[in-house]
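You will see chain A twice below: alongside chain B first, and alongside chain C after that.
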Partner chain A sequence: MSDFIFCTVQYDSGDWDSAPLVPANLIDSIARYTSISVAPTGVTVPLGSTELFKYPLAYLTGHLPVRFSELERRNLREYCDRGGMLFVDDHNHDIDGVFHKSAVEEITRAVGSLKELPNTHALYSAFFKFDDGPPATTHELNGWGDNLVHKHLLAVMRGDRIAVLYSSKDYSSEWGYHPDNKRFLSVDNTKFGVNIVVYALTG
Partner chain B sequence: MTTLERVERVRRTLRSAAIGAAVLRGVATALALLLLAATVDAFVAIPAGARRIVPLLAAAAAIVVFARRWRRSGVRSDAASAALWIEARFPSLRYALVTAVDPRYEGRVPEIEHAAAQVEFEPAVTKAVRRALTGPVVGVAVFALLLLLLPSGAVARVIAPAAGDALSRARAGSRVNPLAAIVVRVSPPAYAGLRDESLDNPASVRALVGSSITIEGVAGDGQVVATQGTEAAAPGDVHTSSVTSGDRWHLALVMPATPTAVRLRAASHERLLLLEPAPDSAPVVLLTLPARDSILRTAAGQIRLAATASDDYGLASGAFELIVSSGSGENFTFKSRTLGAVTFRSRTGELAATLSLDSIGLQPGDMLHLRAVVRDRNNVSGPGVGTSDTRTLRIARSDEYDSVAVDPAPPPEAEKNALSQRMLLMMAQALEKKRTKISRAQLVSESRVIAVDQTRLRKRVGEIVFTRLGENSGEEGDAADKRLDQPVNADSVLAAADRLANAPAGTALEGNEDETPLIATNRPLLEAYNAMWSASGELEVGEPGKAIPFMKKALDALQAARSAEQIFLRGKTRAVVVDIDRVRLQGKDKGSASARTPRRPADPARDQRIARFDAALALVRTTPSAAVDSLLLLRLDLLDRDAGAARAIETAANALRSGQDATNALIRARRALAAVPSAPSALTAWGSPP
Partner chain C sequence: MRSQGDGVAIARITERGLRAASFALIAFAVWRLLGAGAAGGMVRLRSSSLARELPSIEPARDGAVHVDIDAMPSPADRDALAAVAHAGTRVTWSSAAIPPLAAVAVRAREPGAPVRVEVASTVNVSLSDGLAALDSVNAAGAARGASLSVGAPSGALAAASGAARSPIGIPAPALLHPVLLVGRAGWEAKFAAAALEEQGWSVVERLFVAPTADVTQGAIGVIDTNHFSAIVAVDTTLGAVGPSIVRFVRDGGGLLLLADAANAPAVRAIAPARAGARQLSGKHAFDVADPVGAMPVYPLESVRGDVVRLTTRGTSLTSAARREGAGRVLQAGFDETWRWRMQGGTEAVAAHRAWWSRMVGSVAATPLDMAAAAGDATSAEGAPLARLIGALGPAATVEPPASEPRRLPSWLLPLLLICLLAEWGSRRWRGAQ
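The block that comes next holds the complex of A and B.
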């Protein structure tokens, strides 16, 4: 069985590489908590490339407006139809922000409209159990961005499977630190990332 | 009696009856509430706080009922209403009374008077009054009787609740646990001026040392014996037996100087009570005069002495204490005396005196030590003595005159650079303003003083610019005496900066097209530098008016530099390769750069206390009273070690004893016991973890 490789999506517009430490941090968490065979580094794959289809989970983030090309849009649609899962995180944590507005618009055009994911969804118990749904981030609790604590994540479903998971919670900032610094946290805040990976691999 | 007079009389009667009925109904309501509360309290003890509200509730209910009845009786407030009330009961009058009390027909229609005289309506009024009052009177009587039938203590607990009335619910008897309910009455020592205090079923008693403590309970199964000491069989324990009078037992103790557990025993019953002495702090004394130590050339003249003092319970007396030490080497003699003795009658006070140095007979080389000493009123475990700081006055020897002299010190280095450009500008403006009032020579002199400071500030700005440009600061020293654009003009400096920054000309990121961010950032400072140059030149020749525009320009440039856009370069993040084997603890340990030190051993005493706490917890479900006693003994041990944990345990024990949910209190207590972080006594050096 081949290793799980964490895939970061590169898109033409915006700053797709705004959270360069998140992949390593999640890879560390997967190695730390699970027995999943995981590659020590992630890869970056253009959204318009068919290389994307090799990876069951793709991570997309940024601060700036997102404008997919027609190729990217078509590729993303096919990726979701083939069973891939795209995890999109708003690095601004602002529902009135440019990333949120443009990314939601593009996802809607490419894959379908985002709906609230119930907090009882299997995602929240795929590995660790999150009884209250998605864990809050320090950015939410500090009142940054839109000053909201988002109760739900959004998702585009393909049947009963999540095709696009959308977060306004700014996990990209929350998880954006070197994995060696995880030892300074009393509670590891990347555990929800493990759930996302495990769900993508098993869901 | 005329008809009008008869109706008026009926009106007064009905009105009085209505008021009486309203009052009686209000009273009945209040009595009913008190009866209800007293009955409930007889079965389930109502907390003292709730009982204090009951009389108020009863009074409020009585007022509300009275007010409602009073409003409803308002229909008989005038004669016409009374007449209508009678007419309703005697239709044969055919409105004769209503017409008779009408002022328009009063005395004008004899037939009406005649018709009214034929009807005897007074008996009906009497009957109605009797009927209106009977119900409320019966109600009041019944409720009052029931209240009287209740035990007097039960009623008193509701009507006049007071601390220490816990015993009023208890019943004496040979099978009664005499320790089930106790009241502790505390009489503080007289010097403290505190009031006596009563406590219902306390787990611990906190009072001043020497307070007389009387424990009271209801007589029952066996005589109560108190044993003071944490362990039952410890030698030196004090045993005290209770004295029974009537159906109560009493036991007198004195608050000891150290925390002590009192174990109360009666037959097979046992109960623990902690005696926790409250501290009586020593007075706090502050010597305000003389304010500092001094060296005097001669022992002559007078010195004012002043001090303030305060105490938590009361000051008794105070005085200044003087000690004179004479001699040198190994031969010293001391003599002491007091001065300005004063008696206090309050918690705060002041001491004041004047010391005549001549009267002490100080010699050169003698040292005079001064301090204020104040005693409090504690005549039980004290008195507490508070002293102020000591001031020392030394008389200089004739051969050490130089050591007495104090040469003025230069201003600190930090203040040398305190003058800012704004300050210099203000000085120049002030000088220009008074230009016509001073001589030319003075103008030039003062202007040059400002010029010196302006030059110094310019050099500091130059250092910043040259450091940013990558030059050594020493090179600025050569350039400091040269204007940068003449012969080395600003453009040449910027070009040099450009080269140093290794940025090709023309690749502008912001600002002017031919500017790199480095140049753009430094340009305001260079402008300020050159403006300062011009300003100092004008100031040097005594022309502050001409210097002011340059100084303003320099100030604006400095402000622009302060508010300039800051650029933070973000480099490319190195790709992080996760060492999967290491994360999964399967790889080799490659060593660590930082020193590893073994963890400090756990505090065995703390572990022992935690074990005792856990053992007490295990008893909660089976024998809660034993659990409470264990917690109280643990608290006793913690009183002088960990006050926070002791408080938390007391809260938990009280909750357990009162039958409340103690879960949260126990959690807090456990946490307080276990998780007290220990802080290092001092910061350690970088890189060496404590």
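The block that comes next holds the complex of A and C.
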């Protein structure tokens, strides 16, 4: 049985590598809380590469405008149709920002339109319970970015399965620290990341 | 009061009647012995008019019946002829050309599985249902016949070849319960469940995420053949489901053991083999001809003696099956089948679904729909020529049964004797010569 390997998506435009500490932090949380066999290091895979299909869960983030090439769009569509799940997080936490506008547009072109994901969705109880939906981030609460606390995540569905999970909450900033520093937190804020991985593996 | 003269007159009238009856009986006997009304003592019938002519056959009268087969007799007519033969009448048949034809419909134990017709013949065979002709196939070229998918036929399904026509019973769709999928949370379990659900199976999952946490999709409840058709184990992590598996299988349930699941202590006693050390495939692409060839595999080792060996890779056994009680166990050592779906060619998703469905369907317990099964059994012919031979023996050339003695009815001679004795006694009584 193969290990779960955390995959970060590299795309031609923008700053795909804006949250380099997130993979290691989530890998640490998966190993810490679950018995899922997880590879100790993640991988980075180009969105336009067939390598993407080796990793049915992929993470994409950035601050800058996103423009997919035709190959990237086609690959992403195929990836989602076959059962892959892409987690996209807006590192700006700004619905008027360039990442949000361009990423939503590209996702809509490639896979389909994003819809609000109900806060009762299985994602929020896949491992830890999040009764109020997606946990708020300190960036939301401190009024950074668009100064909004986003009540829902967005998703493109394939049947009853999430194909693209889109967050405007800037988890990339929230989880972008060295795993050792979890000991300074009263509540581990990466727990929702564990839910995303467990949902992808079981949903 | 009658006079003696009246009595004599009555006796004479009676004697004349008895003489007439005796002559009539003798004439009847001669007519029977000469075989009037039958060609050479044999009643000849045509199969197309059997329904009309069979009721006139009397086993006690007709010593032999020959049927010219111009159309394949219905099962009822064929059985009636067999009954006549068993009653003592010699029954033979012949035909200018009735090709051998065998056709049977099968339906896989999978949700929405189409009906397939397996045909064997020496000539062209055409298939039709209640609406229209469906297809035709030349089964003569292939010694093993042909197989045709006819989807969901409407009305009566039949195969025809020349004068041979065979109604084909359509098997009822299998009644399937959910599949219980157990294992560690991972891509294999996720995509196995997805493939089965997309193929129409209802899947209940029990996936192990942490020592104190399972992810359960659907209600598990009681694990028995009334609630589940099969259990699929994708690895050795069976958890709380493990102790129920052996009883489930012995009661008729199906068990599919993937990868190294056979090494789980809870199923070791019923597994076809032990899973050996994991071997990677030399292939890096899922080609259409042999997609499973690219999967890593746990070869089957220490194989039990009662298994059916199914597939091999090189010298290694990769899948095998066996019966356990009323159920079936299939062990397939393939691992990471999900890569086929994600990394295979354009048909890989559908092929992966079909593969999983076929694997589960091959072991799934399916309670019979008795009403549907009974209806099919009455109409199914399968191989009409073979059934005709089975009922009446092989075809014969038309010859009068020369060695067969022509028999008179058993009542005829005693009755004739009684008439003659009565006539003689009457004459003696009244003193005549």
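Operating definition for what follows: the second predicted complex is superposed on the first by the 203 of 203 C-alpha atoms of A that agree within 3 Å, B and C clash if a C-alpha of one lies under 4 Å from a C-alpha of the other, contacts with A are read in each partner's own complex, and residues count from 1 in each chain.
FYI, contacts are C-beta pairs under 8 Å (C-beta built on N, C-alpha and C of every residue); 3 or more make two chains touch, one makes a residue touch a chain.
If you're wondering where the values come from, they're calculated on a predicted model, not measured in any experiment.
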Superposition on chain A - do chain B and chain C clash or fit: fit
First (chain B), second (chain C), both or neither touched by A:Leu117: neither
Partner chain in contact with A:Val156 - chain B first, chain C second, else both or neither: neither
Which of chain B and chain C A:Thr41 touches, first, second, both or neither: first
Chain B versus chain C as contact partner of A:Ala24, first or second or both or neither: first
First, second, both or neither for A:Ile196, with chain B first and chain C second: neither
If touched residues of chain A are counted for chain B and for chain C, the larger one: C
Distance of closest approach, chain C and chain B, by C-alpha atoms in Å: 12
For the chain A and chain C complex, residues of the former touching the latter: 1-2, 4, 33-37, 50, 53-54, 56, 81-84, 126-127, 161, 198, 200-203
Residue numbers on chain C that touch chain A, as the complex places them: 184-191, 194, 205, 207-211, 213, 215, 217, 234-235, 259, 335-336, 338-339, 341-343, 348-349
Chain B to chain A touching residues, read off their complex: 573, 575-580, 583-584
Complex contacts: residues of chain A adjacent to chain B: 20-21, 23-24, 27-28, 31-32, 38, 40-41, 178-179
